[in-house]
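This report refers to the structure that appears directly beneath it.
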Amino acid sequence: MALPHNHWVLTFVCADLPGIVHAVSGAVVASGGNITESQQFSSADTGRFFMRLQVESEASRGEFEAALAPVVERYDMTWRLDVVGRPLRTLVLVSTAAHCLNDLLFRQRAGQLPVQIPLVLSNHGSLRDLAGFYDVPFESLPVTDAASKAAFEQRVIDAVDEHDIELVVLARYMQIISPELCERLAGRLINIHHSFLPGFKGANPYKQAHARGVKLIGATAHFVTSDLDEGPIIEQNVVRVDHTRTPAELVAIGQDEESRTLTQAVKWFAEDRVLLDGARTIIFR
Amino acid sequence: MALPHNHWVLTFVCADLPGIVHAVSGAVVASGGNITESQQFSSADTGRFFMRLQVESEASRGEFEAALAPVVERYDMTWRLDVVGRPLRTLVLVSTAAHCLNDLLFRQRAGQLPVQIPLVLSNHGSLRDLAGFYDVPFESLPVTDAASKAAFEQRVIDAVDEHDIELVVLARYMQIISPELCERLAGRLINIHHSFLPGFKGANPYKQAHARGVKLIGATAHFVTSDLDEGPIIEQNVVRVDHTRTPAELVAIGQDEESRTLTQAVKWFAEDRVLLDGARTIIFR
Amino acid sequence: MALPHNHWVLTFVCADLPGIVHAVSGAVVASGGNITESQQFSSADTGRFFMRLQVESEASRGEFEAALAPVVERYDMTWRLDVVGRPLRTLVLVSTAAHCLNDLLFRQRAGQLPVQIPLVLSNHGSLRDLAGFYDVPFESLPVTDAASKAAFEQRVIDAVDEHDIELVVLARYMQIISPELCERLAGRLINIHHSFLPGFKGANPYKQAHARGVKLIGATAHFVTSDLDEGPIIEQNVVRVDHTRTPAELVAIGQDEESRTLTQAVKWFAEDRVLLDGARTIIFR
Amino acid sequence: MALPHNHWVLTFVCADLPGIVHAVSGAVVASGGNITESQQFSSADTGRFFMRLQVESEASRGEFEAALAPVVERYDMTWRLDVVGRPLRTLVLVSTAAHCLNDLLFRQRAGQLPVQIPLVLSNHGSLRDLAGFYDVPFESLPVTDAASKAAFEQRVIDAVDEHDIELVVLARYMQIISPELCERLAGRLINIHHSFLPGFKGANPYKQAHARGVKLIGATAHFVTSDLDEGPIIEQNVVRVDHTRTPAELVAIGQDEESRTLTQAVKWFAEDRVLLDGARTIIFR
């Protein structure tokens, strides 16, 4: 009887040296696999080599890992092996703006976003019903001072542990994350900023954009670091505006870009398409 | 025998008050004119009213001005009256990059850009042949120190007087303009900056963009003020890039956006479609 | 005591003649109004003149109409007078795809789409909960043959009467509307087609797009006429795709363009910004 | 003494089977090469496998070919080996529109387009000076009837032989190519069509676009086949327009999209990034 095929996604990062592709593809062949998708990049900036593969194979996970182990060791690789399409355990943080959460939940239910969301956490209560409509648990804890902020962040840490969270998404969560939490969630904390970074960092970017009279407004999904709005950029989009738009209209117009940009970044991350190369991201679309 | 029709373009700027449109359109009717294009905008930021009209009329310029004079006086308007399509006398400053100059000259010859260019002035000699192909006079003066820079700027001032220049275009002219010259040419000096302002002001914007890992690069055409790269924005465009692009490739990719953005800004300005509202521009496309 | 200000939106369509703007603005002045937004267009194709105004006035509706009546009569105008921001009574027809309905309802609740939806009507039951979450009544009637189709369309007609419907939106309603109903709802029936018309008319546009190997896919919001997918276009958007995308992925990618394109078209229509000029639309953005 | 490094570009097409990547990368390793760029695609439509590599190697061309020969034979591959950046010998056909030729020649001179153009051939004389400015030989032969058309096409055939032409570009050449010549130049004849295909095939696409009232106009670069405007699409771009644009303005607006789309397609082709998969193209950007 034919064994069921497994569909694996693999990422490798290591120093750029000759022979890596041959070594990796040799391990794939040795375990009876077939490469269905392959992307690679050699960074001139950092000298690192990045690779992402999708492989169909009849081998078990153990057999596949065993075949890859010598290659990984030889090239001193950072690597990941996962099943294509496995939903990523994702914690979403929100405040009062609904559009990003709505898009994430709608896309997730529609089967277009491979995440599983065990909890939405907010510093307000107003999005409880929206989460409820999609059958996602929702908790709110007010953040009004240093103590309540610390309590909120402790709840994040606990929820991450409790649900074995792999990604935390700031879906218009309007509080600055402490350096400690940034550090703890490094590489798995994604924010949507409502401007075309590096323009208009900080607060009220649409008001700044109006004052500056820009002709395009945008949104930026990025990893969060303790350096505010300076983390590695994952995705950006812009939309044309003109002089007739008030700051309030810019807010409404920009929401589309915010939600699609964040959802796209989350999708790529969940599909193991986002790799870090210093302060920049490699996106294997 | 029917008199030939004139096609006028009019712009008005004044404090926003009721009755302006009726007063202006009354003067148009009184002089036998017909409005073929009309745009207006009331700025909530500055309380100013902006209007641009195109009018077909059998009246002479004198008759038309006489009909408009009481309205202009009554509302204390800043205004302009010109002939639709009259080529604007334009001085172009360049250094060594050819793409913006090439686009301006090609479009001008193709009849798509209503400018007349009596002179291209450069701090290098390398674009002489390009100007020559389009039969445009070309002068170069090296800028190597304060004295030669002052001499260059004096040549700009002389050329502006000599040719009765209405617009000066910095088509990738890679020298900072002195505050005095900025002041003298205020409102008629347009620059193309090779980034999506306000991101990446100053030098080497593509290198900055690469280092920051942005996913879109762009270009910005703006009025020049003594505050470097902070003048009112006229037009902006962006194009998508990814992690594989080197700084040198960003330069090549960005050139398309630079030339189309600058040409668009010059075209709108030459058509009297650009009005200043404080630090912002009104673009009556 | 100062009377409250009214904010009116006006549209006028008539043969293009001199003096219209002056006559209209005169009536506005006579009724104590102030023009806050104004757009006009003279169609070279049809010789028609189109105008849209927003006017702040202390006059009552009756007073304002009385001031305008002589102008309207003199130029034999088709015209409309409404209150800025009044929600348009809108009937939405859907089948099983949720994304367009979700976007309409989300935007409506967020206060960004001036419509009021008394009913969602479907030939399937699957979107009942989505409508319910937004507290919108939902009815489903199966369409399986000529008789049930006729019954469905009769229900549409009855609902239009019952709720005094001003706009019917086909939000991925996957049945062809009969010529009789098209005729009855002419000018107030908007469809979203999931291709960049006129490319890929008819069924399965994404499959056609994949087979043809296009590099951009799109969506088109248009008025429905009895000539399938040939009605006047209101809005279009496209998004870049490449050879790696399967037809199923094109469907998912295209959904964003569909929902934003349809919502934009509905918004413009609800704001009286869409006027018909033969087979083309005038959009006063 | 270290031998100079060669930088090779390789493309392979064959039936999709396991082990190809390993076999190819093995040959690369065996010849001392290092893969600097790699892309692959398995077509679900045709069952074909496509691969493009860039390889740095100290091996000679002969040594490299010898290393690859067994792999190529084993998988029955169609393949190409070339030097990265070698200018492609390109014949350009034009009529009277200058914008596409101007862009090709400007980009070529600027070092951004790896082509070498030994001849521009036209059915008119008007672009002689433009070619001359870039020191490119220019010939014109009028096409007025069947005989002169046949003579023109014979001149194309002769020029292709004479200059060992690898690509023929129709840069707004406004004559239909005979089926015989299409056949003879199959896979190396690229046209720019001034619409967003498959919309508005045939003559006067901007006039058609105006009549249909589309909100975006575009351009399509495609391989030419005997089936008019139906050949495989290489690249497409669009730009937003509105109801105010006349057909003549659409022509001017569309020119930017035409020239950038054609130049992009030629660049990708010259870099061996365009492969045919039935009626579709694979673009390894």
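A, B, C and D are the chain letters, set down in written order, and residue numbers restart from 1 in every chain.
The rule is short, and it goes like this: a residue touches a chain if its C-beta (ideal position, glycine included) is under 8 Å from a C-beta of that chain, and two chains touch if they have at least 3 such contacts.
The chain lineup, named per UniProt: A, B, C, D = Formyltetrahydrofolate deformylase.
A quick note: this is a predicted structure, and the numbers were derived from the prediction, not measured.
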Next item on the list: Spell out the chains that contact subunit A while also contacting subunit B.
Entry: C, D
Notebook entry, point to check: Which chain has its C-alpha centroid at the greatest distance from the C-alpha centroid of subunit B?
Noted result: A
Checklist line | subunit B and subunit C: spacing of chain centres that average the CA atoms, whole Å | finding: 37
Item checked: Centroid spacing, where centroids are CA-atom means, of subunit C and subunit D in whole angstrom -> 42
Next item on the list: Two or more other chains in contact with one residue: find those residues in subunit B.
Entry: none
Notebook entry, point to check: Should the pattern of chain-chain touching be classed as line, ring, star, complete or other?
Noted result: complete
Check: Within the complex, which stretch of subunit B touches subunit A?
Finding: 41, 44, 196-200, 211-216, 218, 232-238, 242-244, 246, 277, 279-283, 285
Notebook entry, point to check: Given the complex with subunit B, which residues does subunit D contribute to the contact?
Noted result: 98-99, 102, 106, 110, 112, 129, 133, 252, 255-256, 260
Item checked: Complex contact set, residues of subunit D against subunit A -> 18-19, 21-22, 25-26, 28-29, 32-36, 38-40, 42
